[in-house]
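Going by the order they are written in, the chains are A, B, C and D; count residues from 1 in each one.
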Amino acid sequence: MPARLQAEAFDLATELQGFGSGAGAVVTFSGLVRGEDGRLTGLEIEHYPGMTEKALESYGLEAARRFHLSDWMIIHRHGRLEVGETIMMVATAARHRAAAFEGAEFLMDWLKSRAPFWKREITADGPGQWVEAKDTDEDALSRW
Amino acid sequence: MPARLQAEAFDLATELQGFGSGAGAVVTFSGLVRGEDGRLTGLEIEHYPGMTEKALESYGLEAARRFHLSDWMIIHRHGRLEVGETIMMVATAARHRAAAFEGAEFLMDWLKSRAPFWKREITADGPGQWVEAKDTDEDALSRW
Amino acid sequence: MVIDVLYFAWLRERIGHPRERIETEAVTVRDLVAQLAAMDDWHASALSDLKAVRVAVDQELTDLDAPLAGAREIAFFPPMTGG
Amino acid sequence: MVIDVLYFAWLRERIGHPRERIETEAVTVRDLVAQLAAMDDWHASALSDLKAVRVAVDQELTDLDAPLAGAREIAFFPPMTGG
């Protein structure tokens, strides 16, 4: 399945083996947990089981259709993640670079604001604030 | 050196180890040799020794400055490459995804049209035509 | 009809549980919100600012005016922050 | 003055060698092109369509009107096709 949801860590290199074979351009995006200058120790990511899987797959298929991607992949983790860990990745493959870049950006804009994930900050004192959605993320969708 | 020119193949995973540590977003672009439906067996990439290295480094530094990249990397190969091999890669790391994507696209647009590389097609009969520059690649530069 | 209502993130925390089964005659999501908000202070507080609430009907994102006919699972949650 | 002139890709092939040392009084790149094109048919052919020729002076991209004063290395080549 090119769209995958999991609690476990994954390895970019392993996931990319054989990815995009025959394509001329491959783009990857990885999202990592930032420490915010030592304020955070990690993130807790909640999601909506059932809906999440359907959303990831439907955005992936839509990106493939719109940008003629020859291959695509989405992996998103949930649960507890430490600073520096990889939260998620998307990869896109196409004949030329413009489509591969656009496909990856389209996927990221949709995942950020339309896939049912919610991030909560973890500090040394335990679970903290829920991360607030940014207007800029909502605005980013309007370009597609 | 974050900008590197080499004849040898490289491994994306090995190159990315430790890349972008502390960043929230990492984007990679890889360019691969296409077979063009079996017409080609590979590519020969000529370059301008001395100028190439300077160009790669100067575009990398310019991208880092313009998009506040926390890390960047360019690897470009020269010489004979087989179909399916990776020609080059760029990687960018930034706090947020927009800067990482823009930095990678900026680098690719500059490398395509302003770094002194020339590709020649290799067919079963030996060296063939030089690849022609595309107007769309030249046009892509005007957006920056 | 009987539907399952799910809550996520801070809506789940304010209401105090992740899911409940509700008997309702609501025609739209908005009608259901009114019924839930009238149940107790926790529901009222969680659903007080509807600009901060997103809704999915049977796992598809929709809006407050969506009809409930035939729906089995309604979810309320804050704006999403994935990726 | 004496400068090194370099050719790449199909310009190199048409001219028949990758580099040559040239004695010149040219003030601009354009003057040098005129001198080179007058040398023989191979140079004339390679430099006949200047829209298809790019130039670097001392390894910096520039244009035909660039001055040559102090330059040591001039390169001519087709539009680049890296990446």
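Throughout what follows, a contact is a pair of C-beta atoms (placed from the backbone, for glycine too) under 8 Å apart; a residue touches a chain by one contact, two chains touch by 3 or more.
This structure is a prediction, so every number in the text was calculated from the model and none was measured.
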So the chain most remote from subunit B by C-alpha centre is C
Taking each chain's centre as the mean of its CA atoms, subunit A sits from subunit C at a distance in Å of 26
CA centroids of subunit B and subunit C: separation to the nearest Å works out as 48
Residue numbers in subunit D touching two or more further chains are 83
Where subunit B touches two or more other chains simultaneously, the residues are 31, 97, 108, 112
A full list of chain pairs that touch reads A-B, A-C, B-D
In their shared complex, subunit A is touched by residues of subunit B numbered 11-13, 16, 20-35, 84, 95, 97-98, 100-101, 104-105, 108, 112, 140
In their shared complex, subunit C is touched by residues of subunit A numbered 31, 45-48, 50-51, 54, 76, 87-88, 108, 111-120, 130-133, 138
Within the complex, subunit B is touched by subunit D residues 6, 8-10, 56, 59-61, 75, 77-83
